[in-house]
Structures are given as structure tokens and as C-alpha cells.
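So, here come the structures, one by one.
The same chain A turns up in both complexes below, where it pairs with chain B and then with chain C.
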Partner chain A sequence: MTATVQLSPWGRLGRLVTHPVVRRVAEAVLTLVGVSVLTFVVLRVLPGDQITAAYGTDAGDLTGAQRAQLRAYYGLDQPLTGQYLSWLGGILTGNLGFSSNAGQSVAHLTAHALPVTLELAVLAIVLALALGVLGGLLAASRPGALRDGVTQTASLLALSAPVFLTGTVLARVLADSFGWNPNGQAYAPLTGNLPLNLQQMVLPALVLGVSIASPIAQTTRTAVLDIRGEDFINTARAKGVPERALQVRHVLRNALIPVVTMSGLQFGFLLGGAVVVEQVFSLPGIGRQVLLGMGQKEYAVVQSTVLVIAVLFVLVNLATDLVYRLVDPRVWSR
Partner chain B sequence: MLRRDRRTTRRLLAAGAAATALATMAACSGSDNASSKGAGGPLVFGITADATQLLPWTATAVQSQHVLGQVYSSLLDQDDKLNPVAGLAELPHVSKDGRTYTFTLKSGVTFTDGSALDSDDVKYSLDRILDPDTKAVARSSLAAVRKVTAPDKTHVVLTLKAQDASLLTALTSVNTVVLPSDKPLASLKRKPVGSGPYAYRNRTPNQSLTLVRNADYFRGRPGLRSLEFRVIQDKNSLASALRSGSVDMAIFDDSVTAKTAKSGSVSIHTVDQLDYHALQLRADSRTFRGLDTRLAVQCAIDREQVVKTAALGQGKVVGPFTSPAFASDPDARPCPKRDIKAAKKHLADAGRPKGFAFTALVPQGLYSTATDEAQNLQAQLGDVGIKMKIETLDSSAYVDRWLAGKFDAAIALNGAVADPAPAYARYFTSDGNFNKVAGYHSAALDKLFAEGIATSDTGARKEIYAKISRNLEDNAAWIWLYSGRSYIATNTRVHGFRPVIDASLQSLWETKLG
Partner chain C sequence: MSVLPSQRPRPLASAAPPARRHPLLRGLVRNRSGLIGAVLTLVVVVTSAAGLLGTLPYDPATQDVSAALTAPSGQHWLGTDQFGRDVFSRVAAGLGSSLLVAAGAVAVSGAVGVVLGVVAGYFGGVLDRVIGVLTNVLFAFPSLLLALALAATLSRSRATVALAIAVVYAPIFVRVARGPVLTLRGADYVIAATAVGQRRLATLFTHVLPNMRGIVLVQITLSLSWAVLTEASLSFLGFGTPPPAASLGVMVFDARTLSSVAPWLLAGPGVALIVFVFGLNLLGAGLRDALDPRAGDRR
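Take a look at the complex of A and B:
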């Protein structure tokens, strides 16, 4: 017979607060608040505002009264804390702000840009995983052999080549040699014109995928070599587990843990970091939305879009944790 | 076990083959490039930034002006040499005292919504432009207008406070076009309604803006069924799109990209720009207060070298005025060629024989040659002991500092129009809106600018502006460098487009696709 320990309300609260799920959610909320404050402050610290961005040098023709009217229109006449709280209040009620340049709400713009970036990120990460894991396995199959050297050199080259260069060169060569330049055409949404959409996605996904495949290949190679030296592998081999099963079930499965972590991080970066590729290939994704917002000093566009990216990043990290735990059940018990 | 592995391998091979086939099918279909377009279009005009400003009176970005120039019409137009010619109205009758302009509107002109364009719309438009609440950028260009009246449906009378020889040029601008008086401005900001050759159809922000033919255009039937302005921000991608036929036309401001766009199917037309590149010295700053200090900079610079290095030889050395009718003589300035000895003498006369240091603002993202110009000038000035520090700022920050006059010197690309008065009076007169930027004005210049605007005789005006030019150069108010070139790329299917100075798109309405 075991005695049940009755916890005081404070004790129950303490246990709740220290629960891993609650802790992760609290960390995520704090991260998002931090991102929102940082973005807000950085934008205000940078010189220039939406008036000079819109009028250029003609802003010099504006009278004091006209400038005051414009400052009120853009909400720049409010104190900084008022501006921040007003924006945050809008976010909490689902209002991400309005882009006067686009003539549309930021929510509407984001709803159109996000699927573009998500599609690109998914295609790129799938490609990167295929190339990276296969490359890593190939390299690890004979460490120090020619295939290892070739794979590692290719991986290093892919990592060193900037995506704006590979993207521009690839697009240019294909346009010149085959007259094939789908990204020169108006963007076709996934649900609108699938064949053209795939054509427009294939090069940017390839460029991004190859650049991300490199760290995945390196991680896979290192992890596989580490796992192969573990005692449990020798034990399994001694127990007569067939070599193929040994490699797949024991080596690869365990090696996937750091690969999943790395892929999650890379995918998160892709959601906000595909700016250059979106720019080179004229994809109207979320990265380009931030870039244009910065250029036009549209505070609401930049702040809200960065926050959306941060939310996605946090969610991807949570999902990565989940997958991590599925791949390695031991994590549940920690 | 072995059989299962083989089956798996076969499945994988089949999946790979299917994926390859899908990719190949995708790659071979769905293209809307040149070969699939009809003769009426759409003509795809590539632009590197979105046309975000759809109200023409406040549109300052060149992309917006290009688009709106096809949607709206102005009272007057320009010919290929930028002289004012008839537009919505014939050239006006001007009273003897030069203060009353009577315009006769062409009959039968309509807006694209079908409503008639009459004198009420013209009066409404000019009144609103003059209203400070509209924040129209052309308000200062029409500052001489005292009153606008519409005695009947086809006549408009402008009564001036004083003579203004630049008025006709101001009325050719996209910033002074006629808007329908019965449409709220808020609605026109979202959906323009004009009387130009093309009517607004739709816009996808940051992607494209589509216009369709206005069959009732008062000049005749526009050449294209539709015209799409497509946003391709990366200029190299735009060049690739031209070469592959996805885009039919584009304008570049640098020769390197223009060269990469050129191919068997893409022609490049080079035209001079009116805009000029300058090293602006703030003459009332502590650094450049002394004339000899400014002249030392003037004499230390080889402008041809700046053209060769920054613009790759694609430009010409100019003085203050660049419009063909009033062009300054660049050889009439002190030290028309680089003169190190003279520069050192000016430094010694300024009491700075070992040179001095100053900081120049350099814009990033406004135009492609700014940094190269700055670096070349830095090297040249270094030869006489003048240390120029470069402070690079993003466009908005640069404009802020520039407008506030918080700098010693700035690398700048300044806009110019056919008439020299509006572009310069605002910098170099004692009541000019931008005189804080230049920091240089005098009673003599005020008098000359007043004479220039009040003189209608072209020959007499040329003499006055030559004097102004000489005054500015002799005092090295700024260091005028060169004016560059624009490169209009068209593919071989584009017919009827006439490239003219300043890359104006005035003949785009007649352009057809072959």
C-alpha cells in the first residue's frame, strides 16, 4: 500500500511551471515578445521614415503642416510606447496592420506570400535531405576513400558558393541555352497553374536545397561514423543482425537524431532567410515582403511579417523536438 | 528478403521515372513567352520596383510615373526634344503681359469610365494641386498661378501672379495630369481613372500591374491590347527575362546590365539623361565656407576620369544645366581640366596648404554608380591632400540628412527637366525650398532667377541661364560631374517605339508587337 502525497496549491503550481511543455511554451512566448520589441526598436533607430521613403527628395517641398498631417496618417506622431502597444494590440486582435504602398492589409499580403515561401522551403528541404543524407552515407561508407573526398569537396563547394551567384548563373545559362526562364513570367500560384508553378519553383528549390544539403551531409557523415563505433553496434553484429538491417535500423536511425535537429534549424532559417533567392527568382514570398517593407520603411509590414516568421520558427522548433523524440524514445524519459 | 529488396528497388526506380517525367512535362508546358503572344500583346514591360504610388499628383518614383503616364493625360505634352506641344489642350493663347493663359480643350475627350473630360475637371485638378492638403509635388511648379477659371466647358484660363516662363513645361508633367472631378482621391489611389491611352485593369502588389487599351483615346487607337508592367527586382534576372522573351521591354541605368541583356533578339537604345551627377558642397558649412576651399576641390577633379571609372565611359561631362535648350558649357568653368597646381594654390590661399578632411554622404540603393563615383573622387582628391571620408547611407536615411542640410558634402544624382527654372531656383535662391541643401544663394542669383522666370523670349532666357550657370561654377557651389545614359531594351517584336532623351515613354502608346 502506498501513501498518496497531497501537494499544496503552491506545490502544484510549481510542478506545472516546471513541466517541460509549459516551460517550452513560456520560452516561445518570451522569444516572440523579444523579437517584437527588437524589431520595433531597430526600425525606429534606423534613420529615415515612411515620409521620406514615399516622397524621396520631394519631401523637402512639404510644409510643416503637411509633414505633420503625414506623420499623423502614418501614426508617427504617437509616443514610441503608444506605437508599440497599438501595434501589439492589433496583433492580438488579428490586425497585422496595413500597407499603404500595396493598398492591402498585411494579413492579406502575408496570406499570399506565406504559401510561396512554405512551398519553396518544403521543396528545398526535401531536396536537401535527399542529397545531404545520401551524400553523408556515401562519404561515411568508406571514410578516407575517393568517394569520401569527392563528396566532402562537393559539399564544401556547395557551402562556399553564395546562392545569389549560383542562382543568377543557373538562371542565365538556362535562359540563354534553352530559352527557358519560367521565373521571368508572372508568378503562378500552386493552385492556379501547377506546371508553371513547379517550373518556377524548381530552380530556387535546387539552389537552396544544394546549399543546405552541405551541412546535412557533413552531419550525417559524422553521426554515422560515430554511431558505427558504439558498443551496441558491435553487440548487434555479434548477435548476428544482418549487415543491411544493422546499417538501417541501428546505425541510420540513431544517426538521424542530429540530422533531424539540423534539418529543423535549416527549415526554420528557410522560412525567413530565403530573401536572396526569392529576390533573384522573383518569387513573391515572405522574405521579399520584409525586404520591400524595409525599403519603403513600412513599419507595420516589417514588424508583423517578422513576427509571423518568428512564430513559424518557434513552431518548427517545437515540431523538431517532437520528431526528435519520436526518433529517439529515450528523450521522452529525460 | 532478397525478393522484397528487389521489389523495393523497382518501386523506387518507377517513382524516380515518374518524377522525372512530371518534371519534364512541367518544364515543357505552361510557357507564355514571346512565341505565344498575340500581336496586340500583352507587351510586358519589366520594372525593378513596384509602382506603389497610383495618385499621379504625389507620385515621385519613376516606375509609378511610367505607369501613370500611360493612364493619364496632361494639358500639354512634349515633343521628342522636350518642347511643350498640344496635349488635352492646344498650346495656350498668352496675353500680352504674359499673365493670362487661355487653353482650349480638345473636343470629345473622355475618361476611361466613359465620362466626359471638360474644363471643370481641369480646374478641379489644378485647384487641388495648388491646395496644400493634397500634398501635390508639383504645387511649387505652379506657384505662380493665382486663379484658375473655366468660362465654359472647353476653355480654361490661368491667371498668374507674375510671369512664369516655365509654366508650360510644368503642365507637361505626370504630376499635373487631369483627374476626374467626380471621383474621390481615395478611390483613385486604389483604382486610377484617366484619359490616357491605356486603362487601369488590376495590380498584384510587388508582382505586376496590368493596363488595357483605351479604344476612345483622343489621339487614336493605342497599339496594344494590353500592357503589363511586371516587377522583377533583380536587374540581372530582368536581363535574363528579356533574353528569354518573357519580358519585351525594360529600362536600365547601367551599361553593364544593358550589355548582358543584349542579344540577337534584344536591342539596346542608348539615350542621354537630363539628370546630372554632382558632388554637392554645402557652401555654408564650416568646411566649405571659403571659396578657395571649394575651388581647390573643383580643380582637383578630372571629370572624364569619373565618367570612365564610375559610368564605364557612358556619360558626358556637363555643367549645371543639362536640358538641350539651355545646356551649360562645361569648358566655361574654372579648371575645366584637372589642374593640380591650381588646386594646391587654392588650398594655400584658403590657409590649408596641407589639405583638409571632410565627409561626403553617399546613397545606397538610389542609383548604381554612387559608390564608384565616391571612391574615384576620394582617390583624386587624395592627390592634393584632401581627405574625403565616405559615409554610406540607405536611401531614406540619406534623403533625411540631405534635406535637413546636415552634411558637408554629398554625392548626388539630381533630377532635371526641360526648363531650368524649377530644378535650380529651389536650391540657389534665398527663399528656395531646398536652399538648406545647397547652402549657397545671393542677391545676384535671386535677381537672375527672377529675370529668368519672367522672360519669355528664348534667346534672352538662354543668356540669363548662362549667367546663372557661370555664377554657380565660378563659385564652385557644387562640383557638377556628368550626366549619364539610359538604356532602353526592346526585343525584336516591339515596333513603333521611339527612344527619346531622358528615356521618356511618350511613344509607348503607339508601340505594337510584331
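Take a look at the complex of A and C:
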């Protein structure tokens, strides 16, 4: 176990395999395989086959021979494992399928929709961090006082309001009372019309940001109170570190570690919420792509897009975890 | 299993004064937010019971075009919609529907999740690994997206919506149950019980499971609030409770275009939804504090 012991190549390999980062990455890969299997099973096997998906109600008029030909054409006569592997092979080489309604490949659609959702997600996280950290600090500044109670109640209330409701109410009130309805116009890309793009993004980002600000505020509050009671804070205070510097450099910096983790964990919720918010505010993001695919029964679109979102989520969680290990060396010793 | 009753420390509990019999209830009543949450939840449950039993001022589906879009009044507490249907009755029916779906979803996900979590935590080994991978895979999907994909795939009914939500929330119960089991498994009194010869399964039922009731109860309350939110979101997106049943999510969706003429169409279901979820969240937080008084000043 000690560093001075000379390790054989096998021993070195063993140590590498049991290295926390390697294990965490392997776990993520295993999860991704599971995700692909689940997506495949849920969205290919359950809703009938692609023939029904492609021909809709007309599928009932097909003769047995036509059906058999189509089954062979789509590869549905192959065993399931073969179908899965060929589908996975396609995905890995960038073939996400084709949307007959849009007349374009799903990869092309996703390449246009993903930046919209990512912009929304980044803006929402920034707003959530601003609101959440400030709220958490306010609550922690006097635990049990009025400001603590008000912040906690507000945060619980924000947690209780569904995104589709706050989004709808906010959009309607601003449109009805102030005539401000930027999302009534066609979507302006970030690189096209920046002022209009930001106007169209601010409300959805705010709604999403508020919805994930509560857990961030709670985490900030708990972390600040925990760290304030640590020995090293007393030590620093005893050594004469000024109170302001103590709160910022010693308390806040350490408290932000769990806050960063919490923000990463909320990313998945953000992607789920984006489906709703993009629908409410007519943003052509990846969530809307899923919904449109579901409405038009285009399973190739739904399947690939859901997979893209899940992969994104797994990778963000992995990155959060690795960043967490980087900024907090204590985790290594686990 | 047969040795269970005799080994339970029953005499101690029954010897305690009656006031201490329900420490959880007492803690909840003393905790202000928990009490408010309990009252709000009770109000919502009574209203939804009226919706489910059909004892409402109006039939939620009956149209009366002569009374279309009337503002809230003594006759129609929350006004009427564009078809002249009574909004209060529809909100109550929608609450009932939400409650049914949410309760069904949480019952299924709680039962399956807790069993799997206890098995994983108590017996460990390969079972733990397999359950862990399954949990991770389900956690890899944003919860609303997974529920949406499942609900859209299955045929639309209340039961399938509940099932879709159950699949999404089961892994949370797995994690919630597994953690404390791992801790309790190593607790001195559990080791002692095994050391004096109690069988492992018996120890699980006498010493481990009773100590997890609180955590699971809190999780059930909080999960109910999420399930209500998820059901409403799915309905709003058009993949939830199918028509003609009244649903809060659908009501909000339909009210969008009429909000300038009839804001009460948005306010009624919206406020009902927030009160429902807020009440459950407060109740959950109150229960958590009542179970762990130390958490009160830190959380």
C-alpha cells in the first residue's frame, strides 16, 4: 500500500483500475450502455414497429407480403440484439435517423436545436446561482430570524410552483398588461438578432432559474452554517483575519463546493424543465423537438433526441463529479 | 417471521404515558410549518374527495353556454369557463384526479423502490451492484423527460400516467432506503441481535425496518408533491390525464388564450395546484424536522 513498494506491471494496472476517477468513468460508460438499451427498448419495442410509425393508420391496409418486405427493409426480421447493435452502430457513427415530416436528418435537426437549449440552460444556471447563493447567504446570515423564515418560505413556494404555470402566467401578464411579447415573434438565433434573442430568452431562463434556485439556496445555507462551525474558522478568527475576509475567503469559498455539485445535479432537472419551458415560450430547442416528435409519432426523432439528452446529462454529472474531486481533495481519501 | 412479535420491545412502548404515544404527531403540531402544511393538505384532500365522490356544486362536465365566462360570484365561486362549466367544480375534480394518479404512482414506486433499496443495502453483493446500475440508468434521464417518453409510449389513461411517474421515482426510493439500511446494518444493536442468534431476516424486520419508517414517510410526502407536479406538467403538454376528465394541467393550458378576458380560468387551477404542492412540501419539511429535531435549525 505504501508508495515505496515497487509494483509489478499487473499491480500498477490493478491500481489504475481501482483509481477513483477510472472507476467513476467506467461507471458512467456502463450507465450510458444501460441508457442506450433502455431508450432502444422503450421507444422501439413498445409502440409497435416502424412500419406502423411510418405508415400510420394505412399500415392496417398492408398485405402480409408487403408487410414482410417492409419488415426486411427496416431490419425488423433480425433478432433484437442485432437490431440494437446496428442501431447503436448508426448512432455512434452520427446516424441519428431521419425525420420524414421535417425532411431532414435528426442529426441536422439536433445540431440546430441543441444550441437553443444550451443557451437557455446556461442563462438559467447563472440566474439560479445568483438568486440561490444570495438567498442562501441571506438566510444563513441570521438563522432563525425573520429573513431566514422569509427566504425559506419563498424558496419552498418556488419549489411548489410548476414551471408551466409560472411561465404561462408571467408570459400572459406581460403580454396582456404591457404588450410585451417577444416570444410571439419568430425565434431569433443568438448569432442573428442578439437583442431580440435575449428578449426571447430572459423570461424562460428566469422561470427555469427560479425553479432550480431553491435547492441551491438550501445547499448554500446549510453549507455556510456548517463551515462557520468548523475549527479552522475559529483558528483563522483567532489569528486575526478580518471578519469580512473571513466570511468571503474562508466560509464562502468552501461553501461553494457543495453548491457547485448541487448546480450540476440540477442540470438534469433543467433539461426536463426545458421541455416545458420551450413549449410555453415557443423556443425551437431540443425539448420541443422531443415533443413534436411525440405528437407526430416520429419515433426516430424521439428516440435519438431522448438519447442525446440523457448522454448530455450523464456527461455533465460526470464532469461535476470530477470537478468536485478536483476542488475538494478530501474526496480522494474515500 | 414467527418469532417477530415476542422479540419486539412492545411492553416499553405501551408503558409510556399516552401523550408520548405519537411523538411524530406531537412534533408535527408543535412545528408551525408542519401544522400549516397538514392543514393545507387536509383542505385539498377534502376538496378532492368531494371531486371524486361527485358531491360538488355543479357537474364538472356539464356545459351551460348561457353562463359562459362569468366572473367569480356567490353562484360560481371561481367563475365559469368558455363552455359555462363551473371552474370550482372542475378544479375539485382535477385535484381528485391528481391525487389519485399521484397516490397510485407513489404507492407503486415506494413499494418497489423500498424493497429493492432494502435488499441492496441489507444483502449487498451482486444484487446491490445490479440494482445500483439499474438505478443509475434511470437517474440518467431527466425525470420529466423519462415520464414523458413513457407516458407517450403507453396508451393514455390515468393508470399509465401513474405507472410512468412510478418508474421515474422508484430509483429515488431505492437510494433513500439503501442508505439508512447500510448504516443500520452496522449499528451495535443490530450486530448484537445477530450475535445472540437472531436470524438475519428476523433482525431486518425487528430492528432495521422499524427504524426507517420516518425517513420513508418523509420521502412519501415529498414524492407526492413531485408526482402532483409531474402529472400536471404531463397533462399540460398533452400526455397526461386524458379528456374528458378534468385535469389542472389541461385547464391551465386551455386558459392561456383566454387569460386577458377571463383571468380566473388561469387563477383557479393555478392557485389550487400551488396550494396542493406547497402544503405537501411544508408537511414533508415538518415531518422531517419532527423526526430529527436537530435538523430544524440547520436546514
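Going forward, the second predicted complex is superposed on the first by the 266 of 334 C-alpha atoms of A that agree within 3 Å, B and C clash if a C-alpha of one lies under 4 Å from a C-alpha of the other, contacts with A are read in each partner's own complex, and residues count from 1 in each chain.
Throughout what follows, a contact is a pair of C-beta atoms (placed from the backbone, for glycine too) under 8 Å apart; a residue touches a chain by one contact, two chains touch by 3 or more.
Small disclaimer: the values here were computed from a predicted structure and weren't measured.
After overlaying the two complexes on the shared chain, residue contacts for A:Pro195 are found with chain B alone; chain C is out of touch. After overlaying the two complexes on the shared chain, residue contacts for A:Gly295 are found with chain B and with chain C alike. In the superposition on chain A, A:Leu62 makes contact with chain B only, not with chain C.
Legend: residue contacts after superposition of the two complexes on their common chain; A:Gln185 is shown touching chain B, with no touch to chain C. In the superposed model, A:Asp176 makes contact with both chain B and chain C.
In the superposition on chain A, A:Gln279 contacts both chain B and chain C.
Of the two partner chains placed by superposition, only chain C is touched by A:Val42; chain B is not.
Contacts of A:Pro9 after superposition: neither chain B nor chain C is touched.
In the superposition on chain A, A:Gly240 makes contact with neither chain B nor chain C.
In the superposition on chain A, chain A positions 46-47, 168, 172, 176, 279, 295 are in contact with chain B in one complex as well as with chain C in the other.
Taken together, the chain A residues at the contact with chain C in this complex read 27, 30-32, 34-35, 37-38, 42-43, 46-47, 143-144, 153, 156-157, 159-165, 168-169, 172, 176, 218, 221-222, 225-226, 268-273, 275-276, 279, 287, 290-291, 294-295, 302, 306, 309-310, 313-314, 317.
Chain contact summary for the complex, chain C toward chain A: residues 33, 133-134, 136-145, 148-150, 152-154, 225, 229, 232-233, 236-239, 249, 252-253, 255-256, 259-260, 266, 270, 273-274, 277-278, 281-282, 285, 297-299.
Here chain B touches chain A in the complex through residues 1, 5, 22-23, 25-27, 29-33, 50, 52-54, 58, 60-61, 132-133, 135, 137, 139-140, 189-190, 203-208, 228, 230-234, 236-237, 240-241, 243-247, 260, 263, 365, 393-403, 415, 426, 433-434, 437, going by the rule given at the top. Residues 46-49, 52-63, 65-66, 69-70, 99, 101-104, 109, 168, 171-172, 175-176, 179-188, 193-196, 198-199, 202, 242, 244, 279-282, 284, 288-289, 292, 295-297 of chain A are the ones that touch chain B when the two sit in their complex.
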